[in-house]
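Here come two complexes built around subunit A, the first alongside subunit B, the second alongside subunit C.
Moving on to the complex of A and B:
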């Protein structure tokens, strides 16, 4: 928490530093990579959008300690809502003739789609969260997964509104690296403000020891619900941008199950207990994933043509998560955040190989 | 004025009757000790008053108001704080954060800040380690942190469960100095101890508890006479657990 007694620009900067440092790094990477080629620019956009989803997931999992396998549902709900609002009416008449009249005629701007999608996802999170936050541990995780399956099956069979297993096309494609970067920065900032707030601290207390937290007068369920709704809203932003970056949506072939598994793996590999873990995990798995995607297509190394069988990427993803869980259960960052760079004389005393310090 | 009035309290874990029809009371500003061997039901009594463990029967009144059905959070809100035997500190959070959590129900941010500074002057060791993870503290420091956290809620009734357990004598002295200071400031204190001598040094009145019942009550002077405490603690302590059959339960 920032000390209210001394709010100066430098104090605010120091307070935001662990978050801002990552934003600056992401900005540099985004502009550098986007400049290489349009294909690289797409990869950067895709990675940033996943980062938003992981950040959303982190707000709940990181602070409450409850693993959620249900955030894919918020991605689905928000993405389709934005699609209904923003696909041009001319196209909607052809693609989704069964959509009700008022949605048929709506021709909303992108930001209306974003707000609408986020609001609906937050509302769904609130309704489903009320019973869910009463559960703890594995029961809560199974509950969230069941919720995901329900939503997934509904959207898969709700042909009139979602085209079922076929693709819903015609979404305006307005998301490029810059918009994705802005959205990712906002998400990271929201997550940072939440985790450093009073609510964040009290929620982490319930994560450490639920009984002791209750005995300190903390209303665990209420705090979890706040985090769950906020987390769903941020993840929803990612879900919406994903749709408007690809231009099409589909619930077929377990697209969202795979996506959800990917973002969970990213968070686990990076470390569920820190915002730095979100960035580190997302970047690490995106880079590894990209290398393997190339290998699946086939590359020539010293005249040797290497082609990996399709699906190696998914196997590798699972392997990374497994390795992380076995070798580094706290993730690559071990729950640490970036510390304020010190320029003091005794700098040599600091451990050089690990420039991170305990923050939360 | 009566601060706490417990009448006919019974607590049952499965087949074990941990607290059997126990009645104790505590006046405003009074320090009362509960003394007894392991398994006598002292901790269960404390946790039941705090609302962590449910009571089977009996009533708990705080300043005349029945709090038997109130949640833990509500009881904290009405001024009860407990420092459990397990020293429930949040091991992976910093010392400073632990203290802030103690003030979770308070809305007076500025006063909370001065209270935290007060804790640091009370326990200078904590000030030195304010940014460290609480799990890295020594046993004595953890006990100080647990007490400090309970005090951050500004309790009117503070319940301490064996604060000297597992601590070096010199640290125990420090903890008891703190208890004496709190007593002076007018906080009502309910203290669970096995170390009768320590408890007698600070309390106004004591209950001897055996096998879930109060067997003796009196001032430290009265109890210290005639070796009553020694007999209670070391004599028939083995009968600490009372098995209950369904018939006995329905008879209650």
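Moving on to the complex of A and C:
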């Protein structure tokens, strides 16, 4: 939080610095990369959308310290809601003849789809969050995972509305690198404002020591619920944009399960305890993944044609992840934020936190 | 009669899940690791059975046992020992990364398509007793679960390594101070969980005869869920949780109307959420899992 007595532009800038610095870096990277070729611009868009999802996940996991395996459900809920709202009625009649009348006729603009998807995901998060936030530790992880399975099984078999495991096509494709960049910047800003707000700080106290925080009168459940809903809303934004960047949705082959694990891995590799970890983790794993994907297709290096066998991309990616975690168990950023350069170098640094010890 | 039939089917599926859950729960109880790679211990064993097809069956099973135990010990030694003191979420993701890596390594070796092997077809043949249709493999599943659970209980409660294992699980630092070699004890826990995985592999392959590099995943997921609702760290709890999840799945399969059948899993996992909400520490809570000030 900023000291309210001294709100000057420079104080605000300094307060937002750790977040703004990443936004500027992302903007530069996005424009540079999407200038290369349309394919590269797709990769940039894809990475930025994953960044939004990771940011959403971070708002809950980073501040509350509870590992959620349920955010994939919010991606599913929001993406399909936006699809129902924005697919042109002519196509809906053909693709989804079983949709109820009012959804058949709706022909909404993209932003209506976004708002609708986020609202529904937030509502679902509120309803499921009320009971789930009472759980801690591993039980909370399994509880959220069970919630994910329930949602994913329903969407997988609710053929009249979702086409089941077949693809739902016809989503307007309006997401390019610029929209993704704007959305990612907004998400990062939301996450930063939340973590430095009163609620964020109180929630972080419950993360460090639940018993002590409760003893000081902090209502852990309520704070977790706030973070859970906010985090679902931000992740939902990512889910919606993902659908509108691919133009199709499917729940087949555990797409969302894998996506969910990918974003959790990005968060953990970067470091769950800081917003910088979100950016560093997402960029690192995306870049490494992209390099290995190229190698699998085949690439010429100094006249040598190198082609890796199928499946090796995932093996190498897994290996890099393991190495990163073994060498830096607290994530690449070790839970630190960017610090203000020069004079007051330590001002915005979070204190070094001890790795949580196993409860004996 | 149909009720008895239902009971036998439920117990045999439940038994398989219970064995998986105990394997996961044992490692969690000792070092607090949620081991996603456990499904891969089951999966690599199946591929050993594929390669040893045609061997006399005890030889094949012995090969699987040796390979999987070495595999599990190697995973501990190369990976998990390196992150022993890391925060729990890191441990979880490390095991997930390992599991992911092993799966795709097997895709590289064997391809991602389903492979089939005819392993011990005799035991999966059914026979009838007084109107009941019983597959030999169901009986084996129930029998193996009872025998292994009992043996494990005796081992944990009455042997030297069992004592030490409980000590490491209660308080690792104190155990080290009184001279317990914790790395050896943890290795023993991995070896035992590998033994349980081999049992699951053999029964599963004898029953279905097919495998893909990904078939361990769904078993692990069910194993986790069973472990958590049973009470993490409590072995009887894991067995109970496994049985309940298996029994519930089987019962829903028989009782649900056909148009709700595809949603079966949703019901099972909704039930899991309810159990967790009513008893967040699991059905059989372990005292040491309570947070102390």
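Keep in mind that, in the parts below, the second predicted complex is superposed on the first by the 332 of 360 C-alpha atoms of A that agree within 3 Å, B and C clash if a C-alpha of one lies under 4 Å from a C-alpha of the other, contacts with A are read in each partner's own complex, and residues count from 1 in each chain.
Quick note on the criterion: a contact is a pair of C-beta atoms (placed from the backbone, for glycine too) under 8 Å apart; a residue touches a chain by one contact, two chains touch by 3 or more.
This one's a predicted model, so the numbers in the text were calculated from it and none came from an experiment.
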Touching partner for A:315 - first (subunit B), second (subunit C), both, neither: second
Comparison of subunit B and subunit C by subunit A residues contacted: C
First (subunit B), second (subunit C), both or neither touched by A:146: second
Which superposed partner A:42 touches (first subunit B, second subunit C, both, neither): neither
Subunit B versus subunit C as contact partner of A:264, first or second or both or neither: second
Partner chain(s) touched by A:213 [first = subunit B, second = subunit C, both, neither]: first
Touching partner for A:205 - first (subunit B), second (subunit C), both, neither: first
Set intersection of subunit A contacts, subunit C complex versus subunit B complex: 211-212, 358, 360
Complex contacts: residues of subunit C adjacent to subunit A: 28, 31-32, 34, 79, 82-83, 85-90, 92-94, 96-98, 100-101, 103-105, 107-108, 112, 170-174, 221, 224-225, 228-229, 232, 262-263, 265-266, 269-270, 272-273, 276-277, 280-282, 288-289, 291-293
Residue ranges of subunit A in contact with subunit C within the complex: 61, 67, 131-132, 134-139, 141-143, 145-147, 149-150, 153-154, 156-157, 210-212, 261, 264-265, 268-269, 272, 309-315, 317-319, 321-322, 325-326, 329-331, 355-360
Complex interface listing, subunit B residues touching subunit A: 50, 52, 72-73, 76-77, 82, 84, 88-94, 97, 100-102, 104-105, 109, 113, 131-133, 149, 153
Residue ranges of subunit A touching subunit B (in the complex, touch as defined): 1, 4-5, 198, 201-202, 204-205, 208-209, 211-219, 335, 358, 360
